[in-house]
């Protein structure tokens, strides 16, 4: 686990995500604030009720590269940030499990809130990732898809 | 641990706070988003470097009552919210340990971000709590004190 | 007669967290407390909120036996 | 000759994630892919971004051997 004073931790993985791990990692001695966002599988979508799981597909290399772009742009906008972790799970993710975790630490809380929100909003429209919804007896690509944009333009 | 579909979890305690516990508790089946804020002891304040720990003092009864007022007002402003947990530690809290944790879950992330920020911003100016900074060889009340306001007015 | 709850810097200046003092109104209770605890307490009281039974109160409110008058200096939570 | 990387709905429509096709430009490569995979793939390609070696590219860019042409339909991460 990286732990340099100012650091990024990007991970695209089929393993379960740990909020405790990223938060502990993000808490530096000069930080008073850690904000996290967890995106979790919910039982409904814009298209249907009864969602049981999601399945994510990507190129790990391309996704990690674009997540780094999101973080780089966040650091330009909020220079006071300390640690930024963005972990995205791939493969099948069950109901109520985390699909993505963002953790941002900062000396003060305003920058941490603003940057965490920027990171997840920007990830959703800049990082290559495709989601299938799985229900009892079927599956389909998510309706909630958007064209790929660039982090610097958002 | 409470676990009704829509619920509040307020705690003022000398025990260590657990981000994992509140996040797990806050993740309901219809929620796609969980936002957390952790306030942690940092090694400096507006008054000094070398802070080793903080020590919090309150009336648990008054503090919990006022935290409930913060949550009630958040639910008026963001009716879509699911779970809200606010835990505040009292007594001595060491460097990098959490002094306060806010966790908010919601079907979608905008309400969760807005409400988590409202909760911590409002807690800081409405909930009776007094903080001493402890350093090598001394301690003093925090300079960062503000008159008590009411959650509905913020 | 009312119960006093003194918190944070007010507790420190008074040297007590809980006490009992006589008085017909909140103001009476606070005056008795200033007489008992002295000028450092008075100074902190001047920038504090005062609550009666857990709610903000006017200073001319009448106190009954066992009512709780709390002195709350500026706060620093979170 | 370029390497194709087909993701999400593009992968599904083509029935392959990785492939190799001939072509001098990105456009040539994509035309060859459409010929190979058919109309469902063409439909998805029409709303997709195309990247060359991990970066957005113009369609008339020249491809060298082992360059990677990726087809990225609208995304749904997070």
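In this document, chain identifiers A, B, C and D correspond to the written order of the chains, with residue numbering beginning at 1 in each.
The criterion applied here is as follows: a contact is a pair of C-beta atoms (placed from the backbone, for glycine too) under 8 Å apart; a residue touches a chain by one contact, two chains touch by 3 or more.
In this text the structure is predicted, and so the values were computed from the model without any measurement.
Chains that touch both chain B and chain C: there are none. Among the other chains, the CA centroid farthest from that of chain A is the one of C. Chain A and chain C have Cα centroids separated by 49 Å.
Centre to centre, using the average C-alpha position, chain A and chain B are separated by 23 Å.
With touch defined as above, residues shared between interfaces to two or more other chains in chain A number as follows: 39, 120. For chain C, the set of residues touching two or more other chains is empty.
Going by the touch rule set out above, the chain pairs that meet are A-B, A-D, B-C. Across the interface of their complex, chain C is touched by residues 39, 56-59, 61-63, 65, 88, 99-100, 120, 123-125, 127-131, 141-142, 144-148, 150 of chain B. On the side of chain B, the complex with chain A involves touching residues 19-20, 23, 27-44, 95-96, 107, 109, 112-113, 116-117, 120. If you check the complex, the residues on chain D that touch chain A are 5, 7-9, 11-12, 47, 49, 51, 54, 56, 70, 72-78.
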